[in-house]
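The structure appears below as structure tokens.
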Amino acid sequence: MTAWRTEGGTAIDRTRPLRFTFDGRSVAGFAGDTVASALLAGGVSIVGRSFKYHRPRGLWGAGVEEPNALLDIAGGMPNTRATQVLAADGLAVRSVNAEPSAEKDRHAFLDAFSRFIPAAFYYKTFMFPDWHLFEPRIRQMAGLGTLDGAVRAPAFAEQVNHHCDVLVVGAGPAGLAAARDALRAGRRVVLCDDGRQAGGSLLFRAATIEGKPGAAWAADVVSELEQAGALVLAGTTAFGIYDHHLAGLNQKGEGGAPDRLWRVRAKSIVLATGAIERPLPFGNNDLPGIMSAEAALVYLRRFGVAAGRRVVVATNNGLAYETAQALSAAGADVTVVDYRADAPSPEGLRVLTGRTIVKASGRGAVSAVRLSDGSVLEADAVLASGGFTPTVHLYCQAQGKLDWRDDILAFVPGRPVEGVEVVGAAAGDFSLPAGLAEGAGQDLGIVAAWPKSRAKERVWIDLQNDVTAKDVELAVRENFVSVEHLKRYTTLGMATDQGKTSNVNGLALVAELTGRRIPEVGTTTYRPPFTPVPLASFAGARSGTRMSPLRRLPLEREHRADGATFREYGGWLRPAFYGSGAPEDRIQAEATATRAGVALFDGSPLGKIEVVGPDAGSFLDFIYYNTMSTLAPGRCRYGFILSEAGNIYDDGVLVRLDENRFVVSCSSSHVAGVHALLEEWRQDRFDRRRVFIHNATAEMATLTVTGPQSRALLEAIGLGLDLDDAALPHMAVAMGRFEGQAARIARVSFTGERSYELSVPADHAASLWSRLRREGQAFGATLLGLEALMVLRAEKGYIVIGKDTDGTSRPMDFGLTAPLERKKVEFIGRRSLVTEDAARPDRRQFVGLEAIDGAGVLPTGAHGIEHLAGTPRSLGYVTSSYFSPALQRPIALGLIERGLDRMGDIIELQHLREVRRARIVAACAFDAEGGRLHA
Amino acid sequence: MTRHYSALSLLKEGLRSQQGWQQAWRSPEPKPRYDILIIGGGGHGLATAYYLAKAHNIRNIAVIEKGWLGGGNTGRNTTVVRSNYFFPESTALYDLALRLYETLGRDLNYNIMLSQRGIVTLAHSEAEMEMAARTVNAMQINGTDAELFGVDEVRRVLPLLNVSPEARYPVFGGVWQGRAGTARHDAVAWGYARAADRLGVDIIQSCEVEEFLIEGGRCRGVKTSRGEIRAERTAMVVAGHSSHLAAKAGFRLPITSYALQACVSEPIKPVLDTVVLSPGTGTYASQSDKGELVIGGALDRVPSYGQRGNLPMLEGVVSGLLEMFPSFRQLRLMRQWAGIVDVTPDSSPILGESPLPGLFLNCGWGTGGFKAIPAGGTLLAHLLATGKHHDISRPFDPDRFARGRLIDEAAGSGIAH
Amino acid sequence: MQLFPCPFCGPRSETEFHFGGDAGNRRPEGFRAVTDGEWAAYLHDRNNPRGAANEIWMHMTCGEVFRMERDTVHHGVAQAFALLEGGGDDGLAH
Amino acid sequence: MLDNSGKWQPEPDWASARLAGRTIALRAVTGLPQRLVSGDLDRFLAGHGLGKDVGALGLATGARYAVRLARDRLLAVGIPVDDGWHEAGYAVTGVGSALRVFEARGDGIRDLLARATTIDVDNPGPCAALSFCGVTAVVYFHEDTQTLRIHADRGLAVYLWEWFECQPLLSAR
């Protein structure tokens, strides 16, 4: 190809030259050039290598449809289309899939073996001795671009939601006219176009609209839209239409800025997405120098680049004549090969009618074409138009169905889709908008030029995936005649261009081979995105700590000052332990100090969901496994909440503040779930005027004072209430005051020690905490992190939902059967507790496990096993396991089959193929009588 | 004609312009009566037919498919095969499938491109490491391969994974199953179809069930868009349409249908050698032989039969991938799609006779149907041929719902399957 | 992203909603008399229609539990209905 | 043992925390008395001399007002009333500590809403509880339509702040 710069070029600024490198070679261009236009102008004819056969490839298109010119941009994105990236000074780009360069690709020899690697050859071989011996090499050969593992850009993409009345996709003449109409009718309008400048075909095809040159008219319409407040988005691709008229738009970031994702919710959508030119099927139609006729017009008018000096324009329709005339006027030697016998011959053009191209030839680039009449035309560029395929992807995504039109040989939108209108070339209308343009629109006047079976030459259908007509014939021969089978078997249309240029030619060939009409073959499903969209655009702000937030404690600042090590627990950031030193030592010391004196623990994440109203008691009887309406005001009760399937969903203490007000203390990780469960049953089953749910978890910080000295410490603080055990026994609650605020004090223990949970408004938590710290010094108060708390509660055999239970645990597995036997009223999950499964004797039951082999702490996750006929079988597993500082020996909890009936039995435990021995014991290992709760 | 596939036959056909290849399967007209009728020409249905013919020597079989072979979930999944399950019942089922997959290419004379590149299910905290140990021990006891990986071993198999402690989901290790991997999904359907066709099975595409023929309280076949087809035993193997067909047969199923989305990036040279799943981000990924990153995540939250992608779930899944692999921020999304999966209350499949005698069920695989195809086919063939459950399929009978004896992997292992 | 109409709040994004099962899946009461089969049908069996569906949903941001008629194939939403005050007694709730 | 205290940034000093972009500025508001009220809202509003409550992007004025959160629930701001059940038919729970309040001012409010919510600002609806940056928040205007108030769970306030910080709209650049 000997392309050259002409005069003109509306997109480039010749006063601003620039240089970049392609495969290490320096290329000159101007500001406004795409990499593609600069490569073309710079005489680079081989811009890439084909996927499978490594054939040399040149530019085919000028926009999103480009199948060949894929580039890796240094520090940027692999597989970028040269037609869609602006040339810039210092840019370094490489062709993909070619080593060391597209010009000299070391795998070019593969083309000579093409006959042995037809479509889907891999299904037929590589089975012996085994596929895995061949696979690594195949993987190396496949793929296109190369990822730079060190690059982590783009870092961020904005995501914007927008509502409008009318979204117009495509700012060509039809789209502009539609947007202006909607605007003038008072609608909220969004107009987007994937080009950097609005105008579409008006930017390169000659037209006069409302007395103005097309491009000037387009600019005027855009300024009218913008001035009236319409949102006009250039460089923005509508990549998907989703449910309920939601359009996904990706706006290209200019000047190194990241892209931006728009989610546009439109009452109606106008698709003015134009049409894409098809290749003509002839032998070697993939040679560099063979280009879309429309793309050649774009390069000439927009970028001042003529595709060749000796040009053949080959066409089966009338639209390619503008290319021929423009290139001729620019000084190229042009011959038109018109497939139509009765084509009109415009003055000054050499037109050969009623002839087709049979074959192109040339080494590395096209040099000549042989015609159906046997004649040979020399050419350094062949500009082909095989007709136009309306861009109906978005219409189909919006659940539209296509109709075939014989007059334009194309699929067009069929039955209307509510709220979606298709206009212009996308609807098969190739004339300019009615009433606006002067003179007749261009006449497509197309004749068929489909690929034929049994051609001698190799004719490419899908350039990017290297699918030829022979591949399609093979697929049909093997009965892969469904259009989806054809696509998957040959990979036709599955490349990064998603078949924009190949789809219809492939269908036409199948139609011929199977004796059907093209619409009978059907089309494949169009799926988003219309063109590839940066993954970063979908991620938006979701990364790092913004990926999914943790809840933060009101006292986080205080814990940081106390040297807490923070960990994530059930959606909260919480202190694991305090101070420096070996974590295990710190944890043991905190646990020991708690039992010896007093500890302060931040239990603020504990759920506090208020249930208020005259029906609260009967409501909670239904919610809980346990009876709750009999709870006296000022008292607390432990209970389970089950799922309807009878499995334990959550546990916790219910507090009754007064006749009409309860507080559900659910697990900190279950607050949202329990809240929703309460709301749902309230509205679905109860009188929603007589019971209400308020989630006050964040309102109250809960500070736990636990240990034998806890009462003494609280007395030193003075909370304005009687702390005598008669007035405030275990499992009672009372109201006190702190700094003039109501403080709720509950005698509830998760350590087995005398404990007080102090709940105060979170804004007052810091001063209560510092008061406890200050007064606590006299008692040697320790700070207790969550890890040590877990040890303390395990010594007592208290369960942690989700750790000591799994999704199949039922209350009877924990020995709690009384409510089922005694409770008179319905509750969630009740009927599921009398099924065969719930009654089966071999359930996994909650027990303690005592290591008897002297080998230290049992591994959590180890399974109890028994052997049946030499085969191991799991009996359940260790759920919690620690070294007990109080007992000075390992302790463990587990769910073991029939465990409650096997007290004292010794079982084997297996962990990572090693076997341990343990005795089944009661879950509570420390202070079984519970005396310390009252000590 | 060339029937057998091999390097030699490729060479031979290359020399004669590929003219001698035989049809992969015939396109027969339906007969009025078969011994066994299978509704659904996806992987499970075709495998059932193949094993009926091969293992039970029953040849008078038809598979009817309303669209094109493998056009349902067989052609819409993320191609992962694995058996890293918790309960012995599940391990027995999925490991049977994996064992059959290991020899399937040679068995079918069709390269299904089984690539046992391993799967690592990441653990992001010490608590998740304890759960991972629980799972690994269960798998080892239940007789399948599993290792507990530490962070160094994870880094070795996933060099581009962000294992920094500063990652939103830091990596502590994971559950490794080395025999897991991927297989080419279309090839599995096509391989079974070709092999079943060779054994005489009639595979009839574009044949939609209109109603069931119910006589004397039994299913006697179906009325289709291509006429009545009678059979004494009929199997319904129609993932994504199970409830809809069940309604035609007069019963309801414990199934809700959801869209499961997946997507692929543009192809790139190899960067990801194993399958990786992160419970923290809710994303899993592998790289296909063609170079595309195949990315999946959780189910959509809205029950649906629309086989379409949607933005919210896609955005979550993609951001999860980028959190795991920051360098993937350079890539683009090339294609997005969705399959419709049948979700049961315990996410385990249903295999057994339906409430309508004579009609048998293979459904409810949720997101796990593809990996189970050889087992689903083997077990349903056993049930259809003998009238009795195979030991491995017995726990998956639909009677488990009334007995309360669910096989809930998510509940048992804490890891979503 | 679908738009669902909360009967109180109006149209909101699907991400604000939680699916609550079939409308009219009435909970069998009187646990002693309920058979295994009846209970399993309530717990597990679903209409799961392909096409017109009649479902219970919760709008998570306001907590409203309501009934919605929609299409599971093309995702058109026909209408949403508030449940009756005093419990789901319009015969359509659980 | 892994320590996450570096990864999760401590919360800013809310009294002085500010973010400012070209068209919008953001700060925290402290000390607003807030209560959840559920039940007979008409009686509550009448009993406290309040007019109608405001919905999503509604305009509240003064120091005493009510914002609607659900069919039968509202957020009462600046109205002293005891917690618990009231025989007039409503339940009250204080949430003055539970909800952190942000205030955004400027021409860029619509741009902020477009990034943080999917609400149609021209048709926002009667309920001010909506998903804001992925978390449930109460969102309405206060005093004028250039001043947006956002109430959200205090535990998530740092997340919201980090989300605001990463938006070009709220960066000084």
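All chains are identified by letter, namely A, B, C and D, in their written order; residue positions are counted from 1 within each chain.
FYI, a contact is a pair of C-beta atoms (placed from the backbone, for glycine too) under 8 Å apart; a residue touches a chain by one contact, two chains touch by 3 or more.
Quick caveat: nothing in here was measured; it's all calculated off a predicted structure.
Trainee: More contacting C-beta pairs: B-D or C-D?
Mentor: C-D
Trainee: Report, in whole Å, the distance between the mean C-alpha point of subunit A and the mean C-alpha point of subunit D.
Mentor: 29
Trainee: Could you give the separation in Å between the centres of subunit B and subunit D, each centre being the mean of its C-alpha atoms?
Mentor: The answer is 47 Å.
Trainee: State, to the nearest whole Å, the distance from the C-alpha centre of subunit A to the C-alpha centre of subunit B.
Mentor: The computed centroid separation for subunit A versus subunit B comes out at 22 Å.
Trainee: List, in ascending order, every residue of subunit A touching at least 2 other chains.
Mentor: Each of 242-243, 246, 263, 265, 544-545, 567-568, 645, 688-689, 693, 832, 835-836 in subunit A touches at least two other chains.
Trainee: Two or more other chains touching the same residue: where does that happen in subunit D?
Mentor: Residues 1-2, 7, 73, 118, 120, 123.
Trainee: Residues of subunit B that touch two or more other chains: which are they?
Mentor: Those would be 168, 306, 310-311, 345, 402-404.
Trainee: Edges wherever two chains touch, nodes for the chains themselves; is that graph a line, a ring, a star, complete, or other here?
Mentor: Drawn as a graph, the chains make a fully connected set, so complete.
Trainee: Spell out the residues on subunit C that touch subunit D in their complex, using ranges where they run on.
Mentor: My answer: residues 1, 6-13, 15-16, 60-64, 82.
Trainee: Can you list the residues on subunit A that touch subunit C in the complex?
Mentor: Listed in rising order, the residues of subunit A that touch subunit C are 242-244, 246, 263, 265, 399, 644-645, 676, 679-680, 683-689, 693, 826, 830-832, 834-836.
Trainee: In their shared complex, at which residues does subunit A touch subunit D?
Mentor: Answer in residue numbers: 156, 158-163, 188, 263, 265, 541, 544-546, 549-554, 556-557, 560, 564-568, 572-573, 576-577, 583, 610, 612-614, 657-658, 660-661, 688-689, 692-694, 696-701, 742, 761-764.
Trainee: Taking the complex as given, what residues does subunit C use to touch subunit B?
Mentor: Within the complex, subunit C touches subunit B at residues 1-2, 13-15, 17-19, 36-37, 39-41, 43-51, 53, 55, 72-75.
Trainee: What residues on subunit D touch subunit A, complex-wise?
Mentor: Those in contact with subunit A are residues 1-5, 7-11, 36, 38-40, 72-73, 83-85, 89-91, 93-99, 111, 114-115, 117-118, 120-123, 133-135, 153-159, 162-163, 166-168.
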